[in-house]
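Should a chain be cited, it is by its letter among A, B, C and D, assigned in written order, with residues numbered from 1 in that chain.
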Amino acid sequence: MTQTLGIALMGTGRMAHVYGPKINAHPGLRLEVIYNPRISSAEKAAAQYGGRAMDDLDAVLSDPGVDAVIIATPTDTHVDYIERVARAGKPIYCEKPLDQTLERVEQAMTALKEHPVPFMLGFNRRFDPDNAALRNAVKTGEIGRLNMLMSWSREPAPPPIEYVRVSGGYFVDATIHDIDLLCWIAGERPVEVQAAGSCMFNEQIGAEGDFDMTMTTLKMPSGALVHINNSRACAYGFDQRLEAFGNDGMVQTLNHRDDNLVRWNNRRTAAREPLKHFFLERYDQSFYNALDEFHAAITEGRSPSATAQDGRAALAIALACARSAKEGRAVRPDSAFG
Amino acid sequence: MTQTLGIALMGTGRMAHVYGPKINAHPGLRLEVIYNPRISSAEKAAAQYGGRAMDDLDAVLSDPGVDAVIIATPTDTHVDYIERVARAGKPIYCEKPLDQTLERVEQAMTALKEHPVPFMLGFNRRFDPDNAALRNAVKTGEIGRLNMLMSWSREPAPPPIEYVRVSGGYFVDATIHDIDLLCWIAGERPVEVQAAGSCMFNEQIGAEGDFDMTMTTLKMPSGALVHINNSRACAYGFDQRLEAFGNDGMVQTLNHRDDNLVRWNNRRTAAREPLKHFFLERYDQSFYNALDEFHAAITEGRSPSATAQDGRAALAIALACARSAKEGRAVRPDSAFG
Amino acid sequence: MTQTLGIALMGTGRMAHVYGPKINAHPGLRLEVIYNPRISSAEKAAAQYGGRAMDDLDAVLSDPGVDAVIIATPTDTHVDYIERVARAGKPIYCEKPLDQTLERVEQAMTALKEHPVPFMLGFNRRFDPDNAALRNAVKTGEIGRLNMLMSWSREPAPPPIEYVRVSGGYFVDATIHDIDLLCWIAGERPVEVQAAGSCMFNEQIGAEGDFDMTMTTLKMPSGALVHINNSRACAYGFDQRLEAFGNDGMVQTLNHRDDNLVRWNNRRTAAREPLKHFFLERYDQSFYNALDEFHAAITEGRSPSATAQDGRAALAIALACARSAKEGRAVRPDSAFG
Amino acid sequence: MTQTLGIALMGTGRMAHVYGPKINAHPGLRLEVIYNPRISSAEKAAAQYGGRAMDDLDAVLSDPGVDAVIIATPTDTHVDYIERVARAGKPIYCEKPLDQTLERVEQAMTALKEHPVPFMLGFNRRFDPDNAALRNAVKTGEIGRLNMLMSWSREPAPPPIEYVRVSGGYFVDATIHDIDLLCWIAGERPVEVQAAGSCMFNEQIGAEGDFDMTMTTLKMPSGALVHINNSRACAYGFDQRLEAFGNDGMVQTLNHRDDNLVRWNNRRTAAREPLKHFFLERYDQSFYNALDEFHAAITEGRSPSATAQDGRAALAIALACARSAKEGRAVRPDSAFG
């Protein structure tokens, strides 16, 4: 029988609503507690997904039913919660990013070094079946030595300007996903980055000094070159593609659609269905798979994929990209790697 | 909260192993009993999927925890079990086919008339998301009036000759799926059928007077023409496609694959992954969805999709196809419709 | 250097306008004469494509510049012209069909037996590069033994009712193309045919006792089964596809399009361009290739592909299909094969 | 009737063998002279394609049958020949590039300013039907404002090292094609470029200080971002793709193949044919179309597409890319634009 872990879910925002149903669907996880300092929010979520509503973190962390904690609170609270949960000795699954600054990330890493609990960062795209299949094709040598990697991530529409203001900038908010995914596939991290950005969709974003469209090149130690293609808007939906080009061939992932029908209509075209709307729809399965990895790592006594170290590296690279785009020069992110 | 139904799963063969995990995965179903007249078989399955092992049918049918019954026993026992379960007043989900003969099917229908319990026949392909999406496109008028329907069903490899001998013939064993699916999509049943068959893959099948490759044409009352393409062998996997051609356009379903990667390899081709191996893999989701329909119909107090009447009609059409292929003439299956 | 043949093009109708430019484009053909009993029509065409306008057939056939004749006159004149040209000893390329009746076809064959000039029937679809590539894949054993062949031929819109009235019926007018192509690919001719038809697009066609939508099954001596899918209307353009299914795999041809772009638009679909409009656009290259085969056969002193025998066989099979659809039974076309 | 231009084809190397047959196939061009200072080479080519062999350039340029000149000689002779032909007042079609240095290019432009003959540079990819269709989709507003453009150009195998040594470097030799094509599609030229390169396929190329794999980003005045993806080797053939991403959608070109069959084989995959081998096969039509544009521009008395100015701009941008890749910084190519 599967070992069941009692989970304390911290937070009741958008990501908590992603994790709640997935905890319930997973045979090895049991939603024990939903925590929010505002008890009414916790109660509302508990009514929806089950579990006990709690607002006292010390009580949560000493609760005998709580075997592990999922942190799905606002980003700027992640590090503080990591410190407290690590001190209490509970395994942690933390929604990405760790934080928007390298200083705070270092603080979390120090806490995890002092209290070495199992820790997993929610880089969910690694757990998408197609992304994982592409990585597997690369790792098993199907395309020979990896020479080029490309990732497209174009979002259906720009977020509200309020979100943009606190997002840490486009590279730190969005490109960071591609960076983590591509470094994980390549098995190496860039020695140098070049990035260029424009503001094409929402002038307010440009007024904040941010971009809504970027192209990034990563130069890897092996000589492999990586292209990241990001846009805050996309007329045809959430465009998510990967392309890995090697000595012996190429593999690509395709976009996902709402259905698989091919339509030949009286406008005389062959058409496919709309793409999946956005990340909740496109990566739905990946969130479940990420929790499954968290469960498996804990019950097998091994370290989960997607570590705090991975989070720090991705942030350092994203910050280097932002500097490159701003200063018009190649930037080496290596100083940030431990 | 979802109303939970206690299920008695009858049978421990291949299909029981399909339904067991899906009952467990469904939030509205509870695997209460696994029944087999040989208690050791029931116990073995119960150890795997949960539920109580029982070998006394009367005890099962009077068990207060049993709200509904899933019949997944050998085909020639379906009618007897239907009679007994209907008499006990329990809703029935019966694996297809009802039986291989119209006489026995009539017997089941009489029992269901006398004891009108909710009854659903396991025509799972209706519940495949792509098949359902294609039907929906037809029903919503996306392609205008339906003129042609086509279905391909090519199996990866012929079944053992022992299976063929008791299968009722290729049309009754296999084409019947396409018949039910296509009549359900078209919303009508054929006035005339034409069929042709060959034996190309396994001479033993021919020696039994059966075919392993057939083409069937159904002529519908509306004038629509239907083509069914069946083969007992297929080098490239389990080929399952639909094409609906109407006044205003066409819709097609595509085959499913083990992954969605596109591969460009050093044999210099662009290739896709293998197809899903066979029906358990390709139609995995459909079995879950069929149980969901069963649950929904019972809890909503309505009749399930895929009735005994549908089963009788599909069988009558399949028998007409077999006669057409044998006698080299168009056959009208209408006498079998009530 | 290529040997140049002086061509007399007989006829100035639609097909003559297809052949005129292709004769000019072919380095081995020289448009020497355009013949029409109405000299004004011949002169008009000659002004467009070059060559001398003539209205005296004897003069044409004794003209020293005329090495070969292309008959592109109305169908009911084909046999008479074949007799006269054959008697004059000139090689003949005759637009299909030979005639709509087996009797007249026999008459042409008798003439060709008495005056055995090189003769080619314009079954142009054999010369389409994709169709030829599919046949080549079959012939080279790429898919193992051929088990099934399928052909779709759906026309963009029904022809005028006047055309339908003199067309010889849908099977003789249209299905005959698929019949010739598929028998040529399979390398055998059917022992039995089954056909079904409806009238769905134009009631006037039905009032003439004809069909505008048919499904045909051919049963081959090897056991292979053949499906032909015909429609007089198609909302999304001229749908032309082939599928060959063998022991070791399947090959398919795709529809051709006006361009090869993939379009992802703000209706959020991935769309392809319109199909080629109709046969002049879709099979443009095949007409050139057919003339090239005619030229090559003559200059190499061998018999051209697509013989009068092929034309007689295709007609006999088409007539058998028409009878099958009318009488609701399988029909053996074998009596027509010499 | 089409006006026929007598052509002097200068050179007898690889590109002359491309243009020879295309001149012959074009109804408006007549291969009058083949020129090579070594008369034996000219005679050999003339025996193959027709025309008079000549080794005296002055005689060629004063020949009354010569209406226009195609320069297909080695790159380092282009400018000298342009000067002489321009002085003789003949229209010039010059194979790309003009030269590998901006100084020499300026020299040619000065000559063309003094002797303003019609001049066309052989940027043949503009004349590929798919590339032209994509540009047309952009120009007609089908995807709204253009935001991103991407081009892949991966060659099947590295050229001989001797070729690399005199090629002017990868950016000048190869990327220049993408640069011209993309600027032509975008209707603007970059204000800044960033490039990165590696040597992954042939160490000798690296030893020459050159790259065999590059990624380039162009930043356009409008804010549009452009990615160019180049590789000297590609296991699956000559990979040529474009992607244009706009406010209202995206258009892509697909690779071309040797045939259009879809193959489903007993390795259980759906595969497509090999790609076209290399540029002669892939862009075969474009060379014809380029000559057609040259002919049309001269007979219509207008300036041809693809001017000397375009050639200078593409070279300046390519040189800026090379500097960017070497110095690890964004480079502004603007100083080179007149």
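Note that in this section contacts are C-beta pairs under 8 Å (C-beta built on N, C-alpha and C of every residue); 3 or more make two chains touch, one makes a residue touch a chain.
Keep in mind that what you see is a predicted model, and the values were worked out from it rather than measured.
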Maximum centroid distance from chain C, chain identifier (CA atoms): A
CA centroid of chain A to CA centroid of chain B, Å: 41
Where chain A and chain C are represented by their mean Cα positions, the distance between them in whole Å: 59
Inter-chain centre distance, chain A versus chain D - centres from mean C-alpha coordinates, in Å: 43
Residues of chain D whose C-beta touches two or more other chains: 143-144, 235-236, 239, 248-250, 263-266
Pairwise touch network: line, ring, star, complete, or other: complete
Chain C residues within the chain B interface of the complex: 143-145, 147-148, 150, 154, 192, 194, 196-201, 213-215, 217, 219, 223-225, 227, 229, 231, 233-236, 239, 245-250, 328-330
Residues of chain C that touch chain A when the two form their complex: 235-237, 239, 255, 263-266, 268-275
Residues of chain A defined as touching chain B within the complex: 129-130, 133-134, 137, 142-144, 248-254, 256, 259-266
